[in-house]
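Some structures are shown below for you to check.
In what comes next, subunit A is part of two complexes: it sits with subunit B in the first one and with subunit C in the second one.
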Partner chain A sequence: MRIDRTHKGWLIVSLAIFGVSLLLYGLYRVPAAKGSMGGTAMGLWFGSVGFSFMIFAGLLGARKRVPVYRFGRAQTWMRGHLWLGLLSMPLILFHSGFRYGHGLTALLMTLLIAVVASGVFGAMLQHYMPRVITREVSMETIYDEIAHVRAQLLEEAEELIKQAVDGEKAAAGAAEGDVAVVTVPVSDQAAPLRNFYEQEMRPFLEKPGRRGSALGDAAQARSAFSQLRTLVPAPLHTTIEDLEGICEEERQITLQSQLHMWLHGWLLVHIPLSLALILLGAVHAVMALRF
Partner chain B sequence: MPRTRTTKKLAQRIDLDYFKRPNPLRRWKLWLSVAAPAVALLWFAWYAVRSDRSVYSAGNLSSAHAVLTTQCSACHVSQLGFYDERPIDQKCLACHDGPMHHATQAFMPSCASCHTDHRGAIRLAATGDANCTQCHADLSTRGGSTSFVRNINDFTSDHPEFAVLRAGRADPGTIRLNHDRHLQPNLLGPDGSRVQMTCTDCHRAAADAAGPWPYGDGKSQRAPPAKDAIANESRTDEATLAASRAYMAPATYARTCAACHTLQFDKRLADSVPHDKPEVIHPFVIAQLQAYIAKHPADLRVPRDPGRDLPEKPIPSDYRLLTPPQWVAERASEDEELLWRKTCKQCHTLNSEPGSALPRVAASNITARYMPHANFDHSQHGLVGCTSCHAAAMVSQQSSDVLLPGIATCRACHRAGPEAAESRCFECHTYHDPAQRKPMHSNFSLPELQAGTR
Partner chain C sequence: MLFEELKDIARQPDGTPVAAEDLLRLPVFKDISPQFLKKNANATVWRHFRRGDVVCREGEFGSTAFYILEGKASVELATPIAHVKARGRPSGLLARLTSKLTSHLAARGEDRREEEADRRSIPIDAPVDLSYDHPVAELGPGELFGEMTCMNYYPRSATVRAETDCTMLEMLRNVLDVLQKSKAFRAQLDETYRRRALDSHLRDVPIFRGLTQDFIDHLRGRVELLRFAPGQAICKQGDPADSFYLVRLGFVKISEGYPGGELVLAYLSRGDYFGEIGLLGGGARTATCSALDHVEVVRISAEDFRAMVEKYPGVRSGLERIAREREEANRERLRMVRSVPLESFLAQGLMEAQSLLVLDLEKCTRCDACVTACADSHDGVTRLVREGLRFENFLVATSCRQCRDPLCMVGCPVGAIRRRNSLEVIIEDWCIGCGLCSKNCPYGNINMHSFTAQAEDHEHPGHKKAVVQKKATTCDLCTEHAEPSCVYACPHDAAHRVEPRDFFAGTLGQRVGRTGKAAQ
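Then we have the complex of A and B:
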């Protein structure tokens, strides 16, 4: 989600809530300097509001799980998730009196910092990454189709090589019948192409993330294919061009896959820790009132 | 024909069932989302199995309670099976006596509302000002009336001037002492020497009273007894003073005056009278004179007063011959006249007692603590010189001058901010009336505390 002018309303409301909270904290905290904060009426208010913001932020996941009910616009939920989730951090700090805590509360503070930090990191990625992907990956495909497309690219490359080798044999056979002069063995004309494919390109297509492959780098790939063109007859240059295109698409898919991991990988931290935070936060609320 | 990437070709290579296949990212997200809360629950279960509730603790206990870290039930108790296990006053009062602040206070807060534990190694007595100002910001009492200022929010802004300095009150002490004169240079000191007196020559904490005192009597120079306070120090809690360096011990004659202000009463006798009541001094004088005349019978022949105030009066014989009792009575009368009218009166107020030949010495009324409702510790203020705070002592000529520094002097250091000294209420005031405090003993055993089995 891009964070643009459409967030202005949320930004203003969030700043207003933060400002009022800061004022209340200053008024109630300063007279009780060095005193306890969490158990006071104001401390409990900060804790309750902060925790309710966390729960609201967590409900985004539930909203995504059951989209059919359409309770509010997804965009509104997402913006609320971003801004209220971010607001929960200062509110909980006010609740704790800027103390890290002990035992469960220390763990909660650690989780909160991790969740908010990963959320902010994710929001930044969600803001910038789509543009990077659009710019860098012109051959973008559906992420879930990547494995399928890769298999197709490998299949396509295999077919091209087969056609090239078979075509050369057929051409060489026709030439043997017409002319008695034998120049070069027919199979050897496509041999550099076949060797290149088997030694460089197929491993690259089968394991595109493998380090050390020259084809993984656009410049090195261009150089390799240029060199290959000098080794095979001109009719095979079209095949080389196609293979080069397949490699380019493979590189872009690899890049897309990497960017996708950045774009969504942070959720592997954010979501599990958020769930743990809400669970432990509920336990904290119950047990703190008990003791 | 070269390879092309048309929309049609791209669409044709899409697997329409792709969403049915597992997505590793989504799968990991699901598993981790289950695992993280599960680990959290296991963490709680681990503590629950061990019956360890420290995980719910908001922080380490205060230094005073640290030994009870594993004894949650020492403070937390479930009442009649209810959910609430917050500490209750009865648990606190099992070990601590917490006498009420004032007999007319409007309400009694719970112990834990002021002394909040689980905040690390802190002093539990160091409570926030809000605990005090919840009453003192707008003081109301049972009965309605109070002698205290009703609106105090904090020390730095609206705390009133100290009571003894308000409305020009005079020091109740009756000992005549001119601080200005005693702090002048080149004073005539013991044995005719010239001296420059300093504050600590006379003013020291009770714990430092073991001497030597440069202007005390010979006894004080060596090692004066700690309990030689005169009877007039009735306002002083001697046991408290002796155990601390908080307050200055009242200056006594023996320790601070005797070397210069001797109590010699007769030129024939080397001894001085004791620094005591006239009822003690009188027999001493009589005994000294009797002893003297017994050794010097020739002194019974006394030159007659020529009576020059009556020029026409005939001059009698030159000498009178007195009996020893007559001589002692006459000399005692003269010596005591000198004592009562000059020597004693230089410092003390003497009043004539109806029906008694001996005067009565007024109580000295030396004030050991000018602020009975606040605490002060001189030993904690050794960083600054005496006259830096007690500046008025340098120019004070009257005993009635109150030389206690005003609140502005305190506020020079005790103010808000991290670079300032503590300025919260507890720094000077004690909530629980120490006069009512009873000694308390709990009944934990050392093995119980070590094992946390109770």
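Then we have the complex of A and C:
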């Protein structure tokens, strides 16, 4: 999601809420004899509003589970999640009087900071990463299909090598009847290609994340293939080009996987922390109000 | 029985190979080499069906043809004659809040779609076509069915059931291939076609619809039945146009050559026609028509036709109107392709679509919420694949790629899938759900949707039973809602439904031109 001028409305409203809250906090804090506390009327008001913003933000997950229900566009829910979730932080700080507390309240404050920080981090990733993926991964495929595409690339490479080697064997067979003396048997001319495939390319295609593979880096791969071209006859250069294309596609898939992990991996931290925050927040509310 | 003398041998068990000497006693086999029949001893077998037995089912793949010797069989389409349509918006606040689009089947009368075929008969792989309103017919002795399945391995086009006890010959392709070269067999096939199917084929041609029976009978005796081998050109772009053709069997590829390559306009199958302009005489072919597989066509020459056109001026004016429209569309298309590369032209074909679904890749986080929403909206069957043509940072996830070569159309046993003039695919009501188009589409844009339908229970006559039927379907952009479900469900403002011209001209700043009413 790009945070652009279409968020202006939300920004203005959020700033207005923050401004009003800040004003109220200032007006309430100054005359308060013991300082601002969560248990005062104003403190409770800040806490309630802040907590309800958190609950709304947390409901985004539930909203996504029923995508076709017409409870408001998913985009509206997402923007509400972002801005109201962000707003919950100053409101809770006003509620606590900027005290860290101890025990449960300290834990809650830590969780709140972690959730907001991870959320901001995630929002930044979602702002920038789609552009990076679009720019850098020209051969993008659907993420869930990556394993299948990788298998297809390996199969294609195997077939290319088989055809290249079989082609050379056929040529060798045809040349057997020739009387002329040949210094290098025709059938061995594909050997460098075959060796390169078995030692370098197949391991790379089977385990693309493997460190140390020259084919994992575009410049090194280019150099390796250029060197290979000097070792095999011209008719095999087309096969080398095709193999080079396969390696490039594999590198793109690897890059796409990595970028995808960045784009979505932060949720593995953000979501559990959010759930913990809401749950413990509810416990805190009950305990604080009842006892 | 068709051949009384065979009664003594016809009692051989079901599945027994027919001996060569027994086959040679049948008039249709009399031209066949005895050595060939002996070498292919197991290629033809006796088949016996009791009343009510199913001989073959629509949508099943097969490799044999059947020749009826005795008895009667019914040929029908068990599939509902209807297309997939999303149900409209429910009323009431709570219903609308929880609204899910459910898909149902709608026939032509309930939902008329743009450029839907209005043909009255459904072409099948048999000597007779089925009426759209009542898709049941009868086959009798001396009739062959399953030719397309046998020759080209396409799915069975209809369900054939024995109405009385039947005896048939079931044969493999090598035998049918040789039979088709036999004069006696060809004569019988031709006579059956002229008597049973030619009438409905001609009447499905709009310009012939209002003609009298006399005219049809006149044409019946004058037409020529021609065969073409796979790859053979029937007529070439630029050749003088002098004939009109109806497709009796197989698939004909219609393609136009442009700078930059060839564009396949259509794959025509049984009951389709081409070359109307040739009936007026003069002019040149605007497309190349070639046999994709084993093809048989009915040819009506311009000379034969001209005499009758003088008698029916209405036919001539209809032809002239079609010819004018076709020529104008071809001129416009050629003008467009001359000014832009062919690929851009094909992309511009997107502009003729009603609307496009566009994903902004710079906002899309690849979360697949759109795909999930589409599936949830359509009974678990997604019609959206997050793949498509790319224009700058936009991905056009259209329902159809309007491919240069529409592989989806090849092999449809009932000719239910064809192109609109916008090049977008439409699936007709008589789709039997065999799934071949879905398998053939390289982009996964055609999906099979299952429905529960009521069908005749042949084991309990007069009763119906629930059966699961499938229909092929493509994205319809959820026209029942203000926003498609995929757009509604996108949390990142990345999915949009756009008007094509605004998108290409406004957003991308591309030159927009009309591809002209090849559409109309």
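Just so we're on the same page, the second predicted complex is superposed on the first by the 281 of 291 C-alpha atoms of A that agree within 3 Å, B and C clash if a C-alpha of one lies under 4 Å from a C-alpha of the other, contacts with A are read in each partner's own complex, and residues count from 1 in each chain.
Rule of thumb we're sticking to: contacts are C-beta pairs under 8 Å (C-beta built on N, C-alpha and C of every residue); 3 or more make two chains touch, one makes a residue touch a chain.
Quick caveat: nothing in here was measured; it's all calculated off a predicted structure.
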Check whether A:202 is in contact with subunit B, with subunit C, with both or with neither, and answer first, second, both or neither. neither
Contacts for A:194 in the overlay, against subunit B (first) and subunit C (second): which applies, first, second, both or neither? neither
Report for A:222: first if it touches subunit B alone, second if subunit C alone, otherwise both or neither. neither
In the superposed arrangement, which partner chain does A:148 touch: subunit B (first), subunit C (second), both, or neither? first
Chain touching more of subunit A, residue-wise (subunit B, subunit C): B
Quick check for you: in the superposed arrangement, does A:134 touch first (subunit B), second (subunit C), both or neither? second
Looking at the overlay, what does A:70 touch: subunit B (first), subunit C (second), both, or neither? second
Touch test for A:275: subunit B only (first), subunit C only (second), both, or neither? first
Shared contact residues on subunit A for subunit B and subunit C? 141-142, 144, 264
Spell out the part of subunit B that touches subunit A in their complex, as residue ranges. 1-3, 5, 10, 13-15, 18-19, 21, 23, 25, 28-29, 32-33, 35-37, 39-41, 44, 53-60, 76, 83-86, 116, 118-119, 122, 126-130, 133, 154, 424
Write out the stretch or stretches of subunit A touching subunit B in their complex. 31-36, 38-39, 99, 101-105, 139, 141-142, 144-145, 148-149, 152, 156, 160, 238, 241-242, 245-246, 249, 261, 264-265, 267-268, 271-273, 275-276, 279-280, 283-284, 287-291
Within their complex, state which residues of subunit A touch subunit C. 1-2, 6, 60, 64, 66-71, 73-75, 77-78, 126, 129-131, 133-134, 141-144, 260, 263-264
Interface with subunit A, subunit C side, in the complex: residues 96-101, 361-369, 372-373, 376-377, 385-387, 393, 483, 485, 488-494
